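Here come two complexes built around chain A, the first alongside chain B, the second alongside chain C.
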Partner chain A sequence: MKSNAIVSNKKKAVGFLREWGLILAIILITIVATIIRPAFLSWANMLNILRAYSTIGIASFGMAYAVIGGGMDLSIGSTISLTAVVTMLIVNGATVGTVTPASTALLVLLVGILIGATIGAINGAIIAAVNGKLAESFIITYAMQIVVGAVAQAIVKGHFQAAQYRAGLFKQFGIGFTPVIFMLTTAIIMQYVLVKTKYGRSLYFLGSSMGVAKMSGLKVKKIRFLTHVICGMCAGLAGVIVVARVGSASVLQGQNYELDALVCVAIGGTSLDGGNGSIMRTLLGVMVIGFMMTALNILGVQSNAQLIVRGAIIVLAVALDVLNKSMKLKEVAQ
Partner chain B sequence: MTDYILEMHNITKRFPGVVALNDVSFKVKRGEIHALVGENGAGKSTLMKILNGVYQADEGKIVLNGKHTIIRNTTEAKAHGIGLVFQDLNLVNTLSVAENLYINRLAKRHGRIAWKTIFREAQDFIDSLGFNFLATEKIEHLSAAQKQLVEIAKVLALENELIVMDEPTSSLTTTESEILFNIIKNLKQKGVSIIYISHKLEEVFSLSDTTTIIRDGEVIDSGPTKTFSRDQIVEKMVGRSVTTEFPRKACESGELVLKVDNITRKGLVEDISFELHKGEILGFAGLIGSGRTEVAEAIFGAESYDSGVINIRGKKVAIHSTHQAKQEGIGLLTEDRKETGLVLAYNLIWNISITNIDKIKKKYFISEKKEAQLANELSKELNIKTPSLKQYAINLSGGNQQKVVFAKWLFSDVDILILDEPTRGIDVGAKYEIYLLMNRLAEQGKSIILISSELPEVIGMSDRLIVLSGGKKMGELNREEATPEAVMSLAVSN
Partner chain C sequence: MRTKHVGIRKFVNEQPVLLLFISFVMILIFVKPTFVSINNIKNVLIDVSIYGVAALAMTIAIITGAFDLSISANFAWGQIFFCFLLNRWGETPGAMVAALVVMLLSCMLVGAFNGFVVVFLKVHAFIATMATGIIVKGISLVFTGGNMISTSNPFIKAMGRGTFLGLSYLTYIFIGFVLLAHYVMKYTRYGRSLYATGGNRKVAELSGVNVKFTRFSIFLILGFASGISGAMFVCLMRAGSVLYGTDLALTCVAATVVGGTPLTGGKGNVLRTVLGILLIYVLYKGLAFLGLQGYYNTMIRGAVLLSVVALDAFMTRKERW
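Here is the complex of A and B:
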C-alpha cells in the first residue's frame, strides 16, 4: 500500500505540473529576473516580450494544428521568408514618399496569407495524395522548405531589403499593441475552431488514430489538406507581421521558425504523437520561451549558454510529457 | 517435488477504490490443463498479471515448484519459466516470423547472425506445430489468425513448464483452433501445465482437466471440469442464470435495401453478389481469410473494388470513401475495436459522437450540452456500464467497449449496419445483450450484415446466410437449411 501512496503522490505532482506548470514557470522566471533586474517587471518590457514573440506565436498555432493532426510542417520557415520578401517588395513599391497607403497594407496582408495558403495547399495535396503514414509529412514539408527557400532567394537574389517608408498603416502593423492583437485574435479564432467545429474534432481523431478516423467515415484527406493550408496561412501572416515589426526583409527572415514553433508547441503540452493539445496552451508555451529568453538576455547570459538553456527546456518538456503518459497508462491499467 | 507446479495462496490485490482480488487461492497441478473462467473484469487478468510480475500482490504468496517465489517483473517471470500467450499481439510487424520467434536470442556464427540456420530452424518448428506459413514472411503480411499463431509459437519456442494462454482462439477459426488444441494436448503429455483462459465454454469442456471460476475478485468454485455442467459454470460466472440460446426469431423481411452484384477485389474476393432487405439479419459465414471482411470493406468504401455494382434502395452508387458510404446510410463495426473502432484515450462522449458531428451542432458550432445529452440517451438505451460518459474508453470492459462502438454507429443514424465479429472477446452476459440489441435494431427497420467466425452465433442470429470460401460465394442458405454441417461443408469446399 505504501508504494501505491507514493505512486499516487507522484501522479498528483505530475498532474499538477501539467495543469499549472506553464503559468508557474512564467511566474517563476518573472520573479527571479525581477529580483536581479527590477526593470524586467515593467510594462514596457512585458509589451516588448509579447511583441517580439507575436510572430513565433502565430506560426506556432499553425504548427500546433499540424501536430495535433498527427503531422508536422517543416516548411514554415521558408514560407515566412518568402512572404517577408514579397511583402517588402510590394510595400516598398507602393510607398509614396515615406508613407505606405493603407490599401497596400491590407493588400500585403491578403497576399501574405494567400502565399502561405498556396504553399500549405501544395503540402496538403501531396500528403493527402500519398495518404501514407503520418511521419511522411515530415519529409514532404522539409522538401517544400528547400524549394520555397530557393524561390525566395531567386526573387531577391540575396539582397537585404530595408524599409523605405516612415509611416502608414503597414508600419502600424508592427508597433505598439498591434502585433500582439494579431497574435491573440489568431489564437482565439483557432482555439474556437479546434474545440467547436466538426473540423477541429476530426483533427483530434485523425491525430490519435488514422484507422479510427477513416473507419468512422471522416474525410481524412480533406482534413489533412485543410490542416496544412491553415498552417501555411499562419506562416504567411507571421511573415507579413515580422516585416512590419523589424522594418526589413531577407531570405533569412524565417530561419529556424519551424523549430522554434515546434518547441513552443511541445512546451505547450501538445504531444508530438498527435491527438491532443490546444492553442491556448501553445500560447502559454510561446510565453514561457519568450519570458525565458528575454530574462536570459537581460541577465546578460551569453548566447551559447542561452542555447543550452533552450535545449534543456525542450528535453524537460518532452520528458514531462513521457512521464505524464506513463502515469496515465498506469492509472488506466488499474 | 510436489504435485503442484504453481500455488497462489490467499492473493489479495487492491487498487485505489476497488479490491480486484480478495483472498484468491489458485493451484495448478503438474501436467494439467487448468481453465480459468469468469466474466470480463472478474479478476482473471489481474491474477495472471500478478503471476507475470506486472503487479505485486498486496497480500498472499506465490509458490512455484514447491518454492516460495517472489516475481517482481516480467523478466523474472520469464526466468522462472512462465510463458504467456496474450490476447494482445506483441509482434514486430516489419520483421519476419523467424525474427519474431527468436527475437532475443538470434543464433550467431562468427559473431554474425546466422540467418540460414535461423530460418531453417524456425521453419522446422512452425511445420512441426502444423502451422501453414513461411518463417521468412513478414508479420504484416499475415492474417490476424496467423499472427495469433505466431504469438503462440513464440511462447512454445521457449519450452516453458507453465504456459498461460489468455483467449488464444479469439481470432482463430475452427480449423486453426483444432490445430492449437492438438498442440495443447501434446504439451500436456509432455508434462507441461497450462492455464487456459477462455470465454468459449466448449473449449473449456473439451480441453481442461480442472476449472476455476472467478467472479468479482473471488474464487467461486474450483474442481474437476467434468463435475460441472455448462449451465452451472455460466451461472457461477455471472451470478444469475442466463439463457445461452440465440434470441433471433424468424421474421418477414421488408423491401430490398442493398443489392450487391459481382463485387470483385482482385486477388481477394471474386464476383460476390447478395441482397439485403429491411429488418433482416444476413449472416456472412466462412473461415478467416475467406473474404468476408474484404467484401465489407468494399461496401463501406474503406478499400476500393475493381468491378461490380452496388445498389442502395434501388439507386446505383459507386462508393469511393467511408464518408460517402456513411452518407448512403452504411456503417461498419470493425473487427478490431481497439485499433479501428475506438480511440481508447478519448472519453465515451467523443467516441460516440464522432460519426455525426452535424447532429450536435447548434447553428455552426458544437454544443457540448447537446452532445452529452444525446450520448447519454444512447448509453442508457444500450445499457453501457460506466460511472460517467467522461470516462476514457480504455477503462471499459470489452463488452462495454463494444456497446460504445454500437452507440457510435447508432448515433450516425445509418440504416445498414455491417457487424464484423461483434462479440469477439466479450463475455457471455454482454454477448447476449448484443444479440438482443441486434434483434431490436432489426425490428426498428435497420438491415444488418453479421460477419462471425462463431458458427453457432452466425447460424443462430441470421435470417439468411451466405457462405464464403477463398474469396468466392459458395452458397446461400435460409434459416432451415443452415445447419452447422451444411455451413461448414460449404466453408471448406474451395
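Here is the complex of A and C:
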C-alpha cells in the first residue's frame, strides 16, 4: 500500500513537471537573474528578449513541423543566410534616399518566403523520392546546408552588407513589437494547421509510424514534401525579419540557427523521434532558451562557453525524453 | 564469358555510386592529362591518409549501425590538445609519446561519453553525437580562445615532411591502419560480431554477441581514430585550430557510401572505403585543378555528398512506396 502511494506521488510529480516544467523554468530563471541583476525584470529587457528570439522562434516552428513528421531539417541556417543576403540586396537597391518604399518591404517578404519554399521543396522532393529515413534526411539536409551556404557566398562574394535605409516599412519590421507579432501570428497559424486540419493530423501519424501511415492510405510523399516546404518558408520569413531587426546581412547570419531551433524544439517537449509535440510548447521552449541565454549573458558567460551549454541542453532534453517514454510504457504496462 | 558478363551486370546494379565516380574520375583524367603528376598523386595521398584513418572508423561504425557526427569536433580538439601538450612537455621522446597517449585518451573520453549517451541512455546516435560535437567545439573554443595553436617540434616537422620510397610517412601510417582494420573486420571474432550487430541487433544478441559492449566500443574506436587523424594533421600543418576539419564527419560518410557500404549497416568493407576516399579526393583535387576554387568547390562538395547519399538511399531502399 505504502509503496503504491509513493509511486503515485512520483507519477504525479513527473506529470506535473511534464505539464508545467517549462513555465516553472522560465519563472526560476527570471527569479535567479533578477536577484543578480534587478534590471532583468524590466519591461524593456523582456521586450528585448522576445524580439531577439522572435526569428529563432519562427525558424523553430518550421523545425517542429519537420521533427513531428519524423524528419529533420539542418539546412535552415543557410536558408536564413541566403534570404538575409538577398533581402538586403533588394532593399538596398530599392531604397530612395534613406527611405525604403512600402512595396519593397512587402516584396522582400514574399521573395524571402519563396526562397525558403524553394529550398524546402528541393529538400522535400529528394527526401520524399528516396523515402529517406531520419539518418538520410539528416545528411541530405546537412549537405543542402553546405550547398546553400556556398550559393549565399557566391552571391555576395563573402562581403558584409550594411543597411542604407533609415526609415520605411521594412525598418518597421524589425523594431518595437513587430517581430514579436510576426512570431506570434506564425505560431497561431501553424498551431491551428497542426491541430485542426487533416494535414496536421496526418503529420503526427506519419511521425509515429511511417509504414502504418502509408498502409492506412495517407499520401506519405506529399505530406513529407509539404512539411519541408513549410519548414523552408518559416526559415525564409525568419531570414527577412532578422535583417530588419539587425540592419545588416552577411553569409554568417544564419549560423547555428538549425542548432538553436533544434534545441528549442527539444526543450519544448517534442520528441526527436517524431509523432508528438506542438507549436505552442515549442514557443515555450523558445522562451526558456531566450531567458536562459540572456541570463547567461548577464552572468558573464561568453558565447563560446554558451555553446557547451547548448550542447548539454540537447543531450539532457533528449535523454529525459527517452526516460519519459520508457516510464510511460511502464505506466501502460501496469 | 557468361559468368563474367553476369559479374559486370551485378557490379553495375550493386555499386552505381562507385561506377559513377570511377567514370567521373576517368573523364577528368582524360580532359586534363597533366592532372596525373607525381606531385599531385603524392598530395592526394597525404590528404587521403589523414582523413582516411577517421573514414575507416566511420565505416566500421556504419557497418555496426552506429554513426558519429562529433568526430569533426573531436579531430579539432585532438589537434589543439596535442599541440598544447607538445609545447608544454618538451621535445624528449618520452614527453612526445606521453602527449600522444594523453591526447588519444582525451579523444576516447569523448567517444566514451557518446557511447554512454547512445548505448545506455538510448538516445538517437545522430542527435547525441551532434550535441557532443557542439560541446567539444565549445570546449576547444574556450580552451584556445578561438586562436590557432602552433608547434615547432622538430620531430613532428620531420614526420610531416619526411618520405620513404617516395611516399610520405603519413601514408604508411594510413596503410598500417587499413591492414589492421581489414584484419580485425575480416578475421577476428570481434569483427564478425560488429557485422552481426549491424545486421540485426536482436539476432546478434540471441546468438551470444555482447551487443552493448560492441556498440559502446565503436564509439571508443571513433574517438581513437579521430585523435590519430588529428595527430597526423598536426604533423602536416604543425598547428591545431577549431577551424580545421569541420567537414571531416561528412567526408567520411561520403567516402563510406561511395565505397559501397550502405548506411543501413550490416554490410560493407573497409577496403572499399579506401577506394571511396581516394576517389573523392581525386574529384576534389581535380575540380580545384580545373579552376573551381572557393565557394564553387564547396558547393560541389555539398552536392556530391547530397547526391551520393540520395542515390544510395534510393538504390538500397527495399520498400518502394
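In this text, the second predicted complex is superposed on the first by the 316 of 334 C-alpha atoms of A that agree within 3 Å, B and C clash if a C-alpha of one lies under 4 Å from a C-alpha of the other, contacts with A are read in each partner's own complex, and residues count from 1 in each chain.
The definition used in the following text is that a contact is a pair of C-beta atoms (placed from the backbone, for glycine too) under 8 Å apart; a residue touches a chain by one contact, two chains touch by 3 or more.
The model shown is predicted, which means the values in this text are computed figures rather than measured ones.
Superposition note: with chain A as the common reference, chain B and chain C are in steric clash.
Judged by the touch definition given at the top, the superposed model places A:217 against chain B, while chain C stays out of reach. Comparing chain C and chain B on the residues of chain A they touch gives the larger count to C.
Once the two complexes are laid over each other on the shared chain, residue contacts for A:197 go to chain B alone; chain C is not touched.
By the touch criterion defined above, A:302 reaches chain C but does not reach chain B.
Once the two complexes are overlaid on the shared chain, A:205 sits against chain B while remaining clear of chain C. Clashing C-alpha atoms with chain C appear in just one stretch of chain B from the list 45-53, 81-89, 99-107 or 225-233: 99-107. Residue overlap on chain A between its contacts with chain B in one complex and with chain C in the other: 211, 214. Looking at the complex, you find that chain B touches chain A at residues 14-16, 56, 58, 300, 302, 321-323, 325-326, 331-332, 334, 339-343, 345-346, 350, 353-355, 357-358, 361, 364-366, 392, 394-395, 408, 412.
Partner chain B is touched in their complex by these residues of chain A: 1, 3-4, 8, 192, 195-198, 201-202, 204-205, 208-209, 211-212, 214-219, 275-276, 332, 334. Chain C contributes residues 67, 117, 121-124, 126-128, 130-139, 141-142, 145-146, 250, 253, 263, 294-296, 298-299, 301-303, 305-306, 309-310, 313-314, 317, 319-321 to its touches with chain A in the complex. Interface residues of chain A, counted against chain C in their complex, comprise 72, 126, 129-136, 138-140, 142-147, 149-151, 153-154, 158, 211, 214, 220-221, 259, 262, 272-273, 302, 304-312, 314-315, 318-319, 322-323.
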